[in-house]
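What follows is a pair of complexes built around chain A, which joins chain B in one and chain C in the other.
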Partner chain A sequence: MVKLLAHRIALSIPLVLLVSMVVFALESLVPGDPARTVLGQSATPENIAALHQQMGLDQPWIERYWNWLSGLFHGDLGTSVFTGDDVVTELNTRLGVTVSLVLCCVIVSAVAGLALGLFSAVRGGPAARVVDVLSLAGLALPNFWVAIVLVALFAVKIRLFPAIGYVEFAESPGHWVRSLVLPVIALSLFGVTAVAKQTRDSVLDVLDTDYVRVLRGNGVSESRIVLKHVLRNAAIPVVTVLGVVAVSMLGGTVFVEGVFVLPGLGTLATQATMDHDLPVILGIGVYFTVVVIIINLLVDLAYGVLNPKVRAS
Partner chain B sequence: MTTVPEPTTRPAASTGLVRSVLTSPRGAIVVAFLALLILACALAPLIAPYDPLAQHLSAVRSGPSGSYWLGTDSLGRDLLSRVLHGGRSSLFGVLEAVLALVIVAVPCGLFAGYLGGTVDRITMRVAEMVMSVPVIIILLAVLSIFDHSMTSAMIAFGVLGSAGLMRVVRGAALAAREELYVTAAELMGLSLLQVVTRHVLPRCRGVMIVQVSLFAAVALGVQTGLTFLSLGPPPPAPTWGGMVADAASVFNQDAWMLVPPGVTIALAVLAFGVLGDVVRDVNAEQHAAAPASRRRRGTDAPPGPGPVEPALSGDLLLSVRNLSVTADGEHPLTLLDDVGFDIAAGETVGLVGESGSGKTMTARAVMGLLPRNCRIASGQVVFDGRPIQGLDRRAFRELRGRRIAMISQEPMAALDPSFRIGSLVAEVVRAVDGSTGKVARARVMELLRMVEIPDPDAVARRFPHQISGGMAQRVAIAMALAGRPELLIADEPTTALDVTVQAEILDLLRSLQRENHMAILLVTHNWGVVADMCTKVVVMYAGQVVETACVDDVFDTPAHPYTRALLRSSPNNTPPGERIRAIPGTVPSPQDWPSGCRFASRCDLARPECGQEPIAVERISTGRVSRCIRVDALLETEVSRP
Partner chain C sequence: MRRPARGRRRSIALLAAAMAIALPLVATTACSSSSSASSDSKLTLQFTGPPVSLNPALGGNGLSATFTALSYDPLIYLSGDGKLVPDLATAWNYVGPDNKVFEMTLRHDVKFTDGTPLTPDAVVASMNYFLKAGGGLVSDAGPVESITAVGPDKVRVTYKSSNPDAAMTMTQYHGIGSIIGPKGLADPQSLLTSSDGTGQYRYNGKTSLANNRYDYDKNPGYFNPSAQRFKGVTIRIIGDPQAVLSAAQTGQVQFAAGGSTTADAAKQANLTVLSPPFFNWTLIVADSAGTVCKPLGDVRVRQAIAYALDRSGLANALGGQYASPSTQVLLPGIDGHVPDSGYGYDLAKAKKLMAEAGYANGFGLTILTESLLDRNTTYSQAIVEALGAIGIKATLQVESTGIGQFSGDALSKQYPAIIFPTAGVDMFQLHNQISAGLFNPFDNVDPQVESTLAQAFATDGADRTRLYQEASRRYQDLAWYVPIFSTQNLMYVSPKLSNVKASELNPNPVPVAPTAELAWHGK
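The block that comes next holds the complex of A and B.
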């Protein structure tokens, strides 16, 4: 466990350093004045000078980078050049929304994907074809488009769910769930189909193994074979896919949160890009990287729990 | 170095891959669609019916009509023209990303795989790191720095996405390095660059195309997503994502506007994705062994119920009659043809033949455990007076474990790797006895002791990968014995084991059989095991029983040329210092079975009439049948043998 954690972090620290350094270097290379880009063409020279001061544009980029980095180690990611808010405070208030969304999506992808994949593998025939069609749709339909169609159908045409907005869990769990239903469906469609496809493939593989044949031949019931032995062994590759899906859904929040006006990191990232607000974007980058590390770590751990050979070594 | 292998022999010319993709229906449709889409978007200024920015205020939000094929948006702009023009930036973005991907990934992957060592380690470490980058945030940073330049974002996306392709190319290069023709090219003094570009790169082509088209699908998704967030070309420039955003703002009044951009994006993404799948399938086929000529042929009509000898002694436990098994599918095949034999209670019957003769399939048919696409087409398997076909799951479960049980060839593969030995045995105990908890645990220990496992407590706590093959087979036997079966089907139970362990397992089986009065159907190709264990032998060849006899008769006077050839080729019957007299040729595959005698092509007694029509089984004496019309000639040569 500690070793896994150390490995993951050892892999990610140079990454954060490198990526952020590249961002600072690129910013200094781009012709033109970043302060003018932020403030627009109508800015007065005084405003620009003030922003120069705030962004530290008088210093060479390597020095600015160093300042940012030493701030990072003290939990300080600077201030937004656009609103002047503290980046860490801003991100922390929004982190809950994005984490709730991604967590729900991972759970939905895992449960629905496993059930669908298992059903289609065991039943075959029409069920398998339904999964095929669904997985094509999940691959092809862009999540932001699905999100809009869902709003059009289930929030506007039939008023089942709120079209936009987010309610804190602490405020009202019922409304929290209702505010997340449509975003979760839109964002997890891809995850459900990816997990279902992998589940079906690995369940079919496991059903064809000698040990399942031996269990059958020695009288163990089909339901126990499928629910205990097949599911357990098929889950190992599924967990890997689930990790990949979780990471891609984290990125997907950038496209989907905006449609539902959820006050999460995704909408903030979009807004910050519009505003050329680099400190905020870099901050979100750091937060996302940490989440990706956690996801990969959980996948490694689940792998160890499911596979006795990994556990032993 | 006297001879250098011809370095120009390379697998699969590039035209082969392209042609195979284009001739498959899915491939043809997808390639045609993509070509059409790219062409239409490229020629948009010429073929689009309207200027994409022209506002037709008289026809705002009109649905599809004769003058506006896909309708218009809320400013009266023609949607078809906007889709065509918007495609230019989307597809161009994909092209940029793909070019960046290929330029970064292919050289890095090739040299990492081909050179190996430190270069490889560093490259793969960097690739692993890049794979955990939150890509989308980097793209947003790039867009922010480069003032919404989609080109820089797509190039960044290509670079960040290169780890996947790099790994695949590296794998292929690693494999290519081991190939003879690459070594030969090196010996001939070609430079590193020449070897890589001429010999290694072509090998990677298939996997590269798969990765690139799947990546193109993802890149298109990202490109449209970014334009949806209006982070690309500023409005009113037409973009696919931007059109979805336009539609989103007015879907209350007009939902139709969502359809043209949504369907276009979905179809384009799908086309790239399916193209990747098709190329992968084609590639897999090309790399698989060259498929045998697939002749479609009907099954030979079974020559009526042949004579099957009644069991030699005791009460009949299992009786297989005229059993035929077919594999359904595109080319239906007969796998077992008119198989028949009997097993009496307590008897051990050997099922003998080369690989591919249908022994395992027969054993699986008896258990009702045929592979998914196979079924019993005709004939009967009767266990203790009741036919097993048509039994429902529940009735089958009454039989399996409690009355018929099985052990398989690979003891390691026969144990579920995720559970401890104790829990696996307990699973079967639970199934056959219905007992749980302490009772089940006691029975597990009893069974493990019965198969002479020295320290049952310790073994029960281990996982299958922590015990030896011989131990695993003992565990498998313990699982099979849990239900005190009357018939044990043992499919090559000792083939995968060391010689000394083989003897131990056979001894164990023999003593267990005596104690429990259990019949055994022993699938094997080892005559030593037959002589050691069996009372009766059933010889199979190409899906048919060719001879049935009691064990002494078989060794003294084989009544089928195949049996004789098998016996002669056995290492036990080869005098020391001589070559093993292997039977020339191989067992024909089911699609190549001749209509006459299936062994004729390998038989030294074959006559023209052997190949004319299906050969029926003939009873030659009590308890003996043979499927040979030259049996008299055979027995004569056996008698006159010195």
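The block that comes next holds the complex of A and C.
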């Protein structure tokens, strides 16, 4: 297990390099010029040329990348072209928002998805069909539409939650929860349905195995069979799906943070792309990559906990 | 396959169902007792994007002026209904003839954030810094030659040529009149994290978060405390129109920039919708010498374009009740607008002019546009469609990455025509705007317009109005600028907020004012 983890961590280094290189190359394809964005409507060609030099944009591609990379090894991601702020500080102030959002969504997806999937598999009959239909509807509804409907219902019509904004946990835990409820529901709808569907299929498969029949034959209680044996064996594909869902949620934050005006990495990514703020875009690329690596490591760890064969390998 | 016993199955299923609904329920109950974070005495505004800069010398105009107006008093204040009101300057006048020397008397007992008093020297230093700082509003200041301190409380601005608009340029929208303290001038970078003005509020960089919220605390040293009607002000950055509407409906923001797609819903939600005319959407026929597109060198072709547009139809289709047809470079209500004048819709005449010019079968034309102000380029596409009626096969070149990039494209002289709105609340401002930059990339100069306006700028009253109207008519004959329709600057005001006024002379009001009667306040 330790070997597996070490192997994964070693693999993550070239991954970060590769992602940063791809982001660097893609950004250079985006039309427009950061110096012109900074200087605005009244920029003269001389001003633009001077700022190009100051920003190092006149240097060759590879040299600029190398400069950025050597900073990365010292924990320095440079400064924002647009605001002049330190990128690491800027990203760290926003990381909490995105992590709160994704973490809450993963928890909601896991708990609600497992519960619904289990209900559908164990209960069967019309109730299960209803859950299946709801799951499919959840997969089909676009999250931006869900977000707008949620705001219209639970922020504007019934004033339960704020329509926009984020409150730090340290400032007020109650307001923190309030500010996250609607974004979390909007973003986790896909996760809940994906996990529910996977859970139902896996549980039905496991319920059909010989050892469940043996357990029943030996008089083991049904709740013990389902909660201790079936769920554990059905959990591995569910954990895989949960990992995929968590990663896809990172992309979803870009939209949900925009609609709910949450100051996270998603909104920063949008603004930085509009501004051609390359150091910030690269920084976000690195942060997102690291988060994806951590999610995958957690999934691997979960395999180990759930399946002794993985631990032994 | 053997299924579990029915009773047991039901209990597990119930447990699962209970878990599924428990999570949102816990979240709901955990917070149902808490109340909104904002208190009545704080004002929260919305703005669409981050400020151009928090340094007033580098900042923006329009509604974006609020970012700096909260912390920096202007020399002269422009009220919502368009009146010039004493602020840091208590009196002003031209010295001598021709509107070339402008003098202002400063208010006494005014202090910057660090307690330094406002003196003529400090004002001169701030204005000179503005002229050199390289901000986007420098051309607004007019042809400044020198700025000097005169006596213990006067500042004198001398212009190279007549400037009839000196008082207007000293207001909160044009940068030069927003006075920065000596401490801030010594370290301009500090103005991005804290403010150093004499204004009612101080920018708090510690609680603000770039691109999300900008916080301002009450300035305890402000010269007229009765005009400070709020404990503090926050500007929230919300770009999505639907999110703006929701925030305004729920009272999370008390003032917001609206849009024609959400204005009806805002009215239904009991918000006051202010709608002063603002943008004059114009087809800029920049290549009037025919360098890139030969037909445009013929004035008959440019006039044909002006006659070919059904302005009422376009305004109605594109902006509904929030747009009006525009036939002149100046909007109605502005000094220099000529009543019942301008180009009407006359397709037969347009076709006749095209034929006379030798282009009865039309020609190809590339038009530069952008999708930031003209969302999804709906306006531009409608204009292109309309030009098809006289055989002009126009194609759009759309810049979607920013106004800076768009401006660069326009100045490249590759595009013979450009679609972009003008916005000027008087002829001096408008002429400054359209005779330079992206509005005039091919450097068109008309001696007749220049000499008429030079005379106008040196005079005032009825004479000036007559000359302004003459220049308007000349602009119309030249058809370098083809106005199409004007759109209103839609703003949503909470029913809990009072005294918010806007007009064609000031379509972008700010919450602060030097007197309690003019400042916005809560109900």
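Methods note: the second predicted complex is superposed on the first by the 285 of 313 C-alpha atoms of A that agree within 3 Å, B and C clash if a C-alpha of one lies under 4 Å from a C-alpha of the other, contacts with A are read in each partner's own complex, and residues count from 1 in each chain.
Criterion: a residue touches a chain if its C-beta (ideal position, glycine included) is under 8 Å from a C-beta of that chain, and two chains touch if they have at least 3 such contacts.
Predicted model only: the values in this text are computed from it and were never measured.
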| said: Using the superposition on chain A, tell me whether chain B and chain C clash or fit. | reply: clash
| request: Kindly classify A:Val149 by the partners it touches after superposition: chain B alone (first), chain C alone (second), both, or neither? | output: first
| request: Check the residue A:Val259 against both partner chains and state whether it touches chain B (first), chain C (second), both, or neither. | output: both
| request: Applying the touch criterion given at the start, work out whether A:Ala49 contacts chain B, chain C, both or neither, answering first, second, both or neither. | output: neither
| task | Could you say whether A:Val30 touches chain B, chain C, both of them, or neither, answering first, second, both or neither? | result | both
| task | Classify the contacts of A:Leu4 with the two partner chains as first (chain B alone), second (chain C alone), both, or neither. | result | neither
| said: With both complexes superposed on chain A, which partner does A:Leu95 reach: first (chain B), second (chain C), both or neither? | reply: neither
| field | Touched partner set for A:Thr83, first chain B, second chain C, both or neither | value | second
| said: Output check: A:Ala302 vs chain B and chain C. Expected answer is one of first, second, both, neither. What do you get? | reply: neither
| said: Looking at A:Phe288, would you say it contacts chain B, chain C, both, or neither? Reply first, second, both or neither. | reply: first
| query | So which positions on chain A get touched by both chain B and chain C? | reply | 30, 37, 124, 148, 151-152, 156, 208, 213, 216, 221-222, 258-259, 274, 276
| remark: In the complex, the residues of chain A that touch chain B are 11-12, 14-15, 19, 23, 26-27, 30, 37, 124, 136-137, 139-145, 148-149, 151-152, 156, 208-222, 224, 228-229, 232-233, 247, 250-251, 254-255, 258-259, 269-270, 272-274, 276-278, 281-282, 284-285, 288-289, 291-293, 296, 306-309, 312
| message | Could you list, by residue number, the parts of chain A that touch chain C in their complex? | response | 30-33, 36-43, 47-48, 83-85, 90, 93, 107-108, 111-112, 114-116, 118-119, 122-124, 127, 148, 151-152, 155-156, 159-165, 167, 172, 174-175, 177-178, 181, 184-185, 207-208, 213, 216, 221-223, 225-227, 258-261, 263, 267-268, 271, 274-276
| request: Sort out for me which residues of chain B touch chain A in the complex. | output: 125, 128-130, 132-138, 140-147, 217, 221, 224-225, 228-231, 241, 244, 247-248, 251-252, 255, 258, 261-262, 265-267, 269-270, 273, 364, 367, 369, 371-372, 393, 397, 400-402, 404-410, 413-419, 427-428, 431-432, 463, 465-466, 476, 479-480, 482-483, 489
| query | Mind pulling up the chain C residues that touch chain A in the complex? | reply | 1-5, 8-13, 16-20, 23-24, 27-28, 30-34, 36-37, 50, 52, 134-136, 138-139, 189, 192, 209-213, 236-240, 242-243, 246-247, 249-250, 252, 269, 401-405, 407-408, 437-438
